[in-house]
């Protein structure tokens, strides 16, 4: 059997009920799709079922449209929200940045080496500093400066660019602007932010200073979906690092960058590999 | 639906082929067994499929014998080795120790508080030191001293005790004796040993001294199944701890005890929860 | 040179100034005290200097009173607060508990095996459940029940017991009572509490439920000195554990116990080894 | 007092004896050098003392040559090997690479952002692939191809380049060539290599394949000084990552790159900050 190529991915979510796993797997077996990997979770609290299947079609007559149609009818019975992705699909990702480049540099490196199987057609920034880095990677760079007066207009420009580039995921890689509620709403569910603290601890500005002030022994970073509620969106990934009394806020900032970039990378990768489901104010993440 | 009680567990292993997941889940759906949790893995290298299902019967007429019979026939088609465990089942575990008590104390504590859902009818030791600890927990203690001359006889006594107490799992909790090949063979697949190093590094005696001598920055512990090959059985769990230049071998030994006991506990728990499959010289572990 | 026995310990704290390290080490060299280990920290923010010295006297005529007198005069010039401890000294520790026994069990185990070089003359509880465990370890157990009406009187009884047993450190090992401000003040600086969250996150009741509700990917525990400000005292040690979506609050509670007990043990050990200094609302901890 | 600028660093190593700490600190106090940070270790096994002092001169008439002379005479009495570094000094580092760029990319990024306070005048490779990356960072790139026949000549060319660029530290950032004994000897004590396993486990080729084959639950990386003994030089830093059964060798290689680059960075930083001492076949590392 040919199971070594990049697989297809099917994800689904529905109310908990008898036969949910079977709903997905019986279809796969009948359609001669070899299951490479399967994850599911049945949340007792929200009474919701989540499943993710990686599969390799074995039937030479395999047809995506037919699957869409057949499985779609099947899924309706279970009230499933579902998605299918072909191996050829590479999500289009836009990165928003300001001046810090540690997260951007990391994402670009992993993009360049294939660890992140995505397209990055555009980088948008409210500063011009990172233009050269973007250009070395051959990526369009748009400098959209911002002032209090131009905030709404600038966000409108961003929205236009996202549409123009057909963006499917927005990554706020230390984009140091508070988005308007309207912008948050526009990005709901398809934008990931990195915050430099173990949320919900140390929300808001200068979290490393707050952490130092409290004398904590661990600092961290949080990657979460953007929602209306600042720093409160569903958490996708977190990272931690132990710290001692000898580190000042500036040291925490420096050390924290390594956690931030890995945490953001993990969240982006999980998202583009369709491993993340929003479950109310929380997430389900099928890690690897 | 009643899915909150302790669930039933079904595990299976078979050659990789189309429809393996479906083989388990379709049966479950047809039999009205609600799947609480499912894990599977398809090993591309050994071409072997592994699955573990936690389920709660919804059919008031649920009958274990019928399931055994029905699923057994179904499983035969896929050449499945499979096991079923009822919620009432509590595996009988024997613990072998010498003088170190950190692992024993930990297992007994977790047994007493219900973290380990097992019966421990007997503790066997080549020394008498830990009798009092065993007795405080109300567990039979057998002191079977050993000399070079009596090794085979002593092991025969152990084998008798394991049979008498109907033991299903043997835990070598820092039992400081090298078992004979015959004894290893007897215990193959149902005995777990804890070794105080990150195997395969630092096999044999005094691993913390070896680690110190090499100046390593991490030490660890390894829980593995007992096989004929000393310290080479399939690894179930490992734990690590960072160490610095200021620690001498005695310090490593002291610090290592915390890793050993947690690592052994994890391995025992994974085993008794049927989360571990032997996959050649390796294991598949469906963690939680 | 004889440097292998348990060493003497000198700690000191004073305003930052030129010559602070020399103030301690020159005295040591002149007095023929061999320094086994030395740690110091000069806090640029609070402008405070901290030092801890482990030493082994080499002079056969070594005399503790003379050191007290000589170093005391020397230290006065630097406005040092300082402490000296002889190798014979074993701090007297009282443990307060309610019904949870995971921290108590751990502390008693480490006490019994010598990892914690302390005396535990008494265990005090507002419940009677853990009497048997205390008694097996040969430790006095006092059951002091508490109601809203008797809280002040019960705390007075605790204070009396602490005095009677000449207690030097109080450990709140999951003692599930909120102390009165008067009691907090009485214990200021010599009582350690374990809180089951990564403070300052999830203060107050049911922190694991709070953590689950927020969907965090790490939970933790915090050991801190008791102060008037509930859950706000200087943090001595913290521990973390990664968690996934599949864990419910009850699972977090169970997993958290392993972090709590290790974190509390570390804090107690650091304290009794004189490795901890209070530095305003923060601590300086000279780990090993 | 002015203690905020980049400090001077003094390190020393000598046979254990009474007064070693005082030897350094009394001099500092007398010379009006404010000690910002001090670390020392007295190795009971090798009977060797190590010390590292960060200090800020307070005397306007501070003179480096005078310190060299005065402290030098002082140090002679203790048979100290010692080194002094001024805040202006930036060590010159050469990086050797082949085709893998994850370590190189990381070092260059940290160099560019100032996390690594070094000069990198030259990158040398046996392949031409990474020329563009070097050039974007404005660093000379020398492509020195190698065959069995030309190995000795190629190494001679490397030696010439190291001399020409006045290199003080050589970093083998996944340089996939086994150095000749003569080259190892030439680099003894001033070259750091990254090996992609937790040495001494999995020495030699394809360590991730070895690790996978053994079914270990942790993989890691080791940064060590180059010595004649392949993969056996004193270990400076190690990193680990937990792995599960679902990862194949190719996955371990991919995941391992993150550990490799952080581990190598840590080792290089420790070295250039004069935090590392060779102690026989081991190291003393004064971390931060």
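Letters are used for the chains, namely A, B, C and D, taken in the order the chains are written, and counting of residues starts over at 1 for each.
Simple rule for what comes next: a contact is a pair of C-beta atoms (placed from the backbone, for glycine too) under 8 Å apart; a residue touches a chain by one contact, two chains touch by 3 or more.
All of these numbers come straight from a predicted model, not from anything done at the bench.
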item	value
C-D compared against B-D, more contacting pairs	B-D
Rotation angle superposing subunit A onto its copy subunit B by C-alpha atoms, nearest 5 degrees	180
Interface composition of copies subunit B and subunit C: same or different, split at half	same
Centroid distance [mean C-alpha coordinates] between subunit D and subunit C, Å	37
Centre-of-Cα separation between subunit D and subunit B, whole angstrom	42
For subunit A, residues contacting two or more additional chains	37, 41, 44, 246
Subunit D to subunit A touching residues, read off their complex	37, 101-102, 105, 109, 113, 115, 136, 246-247, 251, 254, 258, 262, 288
Subunit C to subunit A touching residues, read off their complex	41, 43-45, 198-201, 213-218, 220, 234-235, 237-238, 240, 244-246, 248, 279, 281-285, 287
Residues on subunit B engaged by subunit A in the complex (per definition of touch)	1, 3-4, 16, 18-22, 25-26, 28-29, 32, 34-38, 40-42, 44, 58
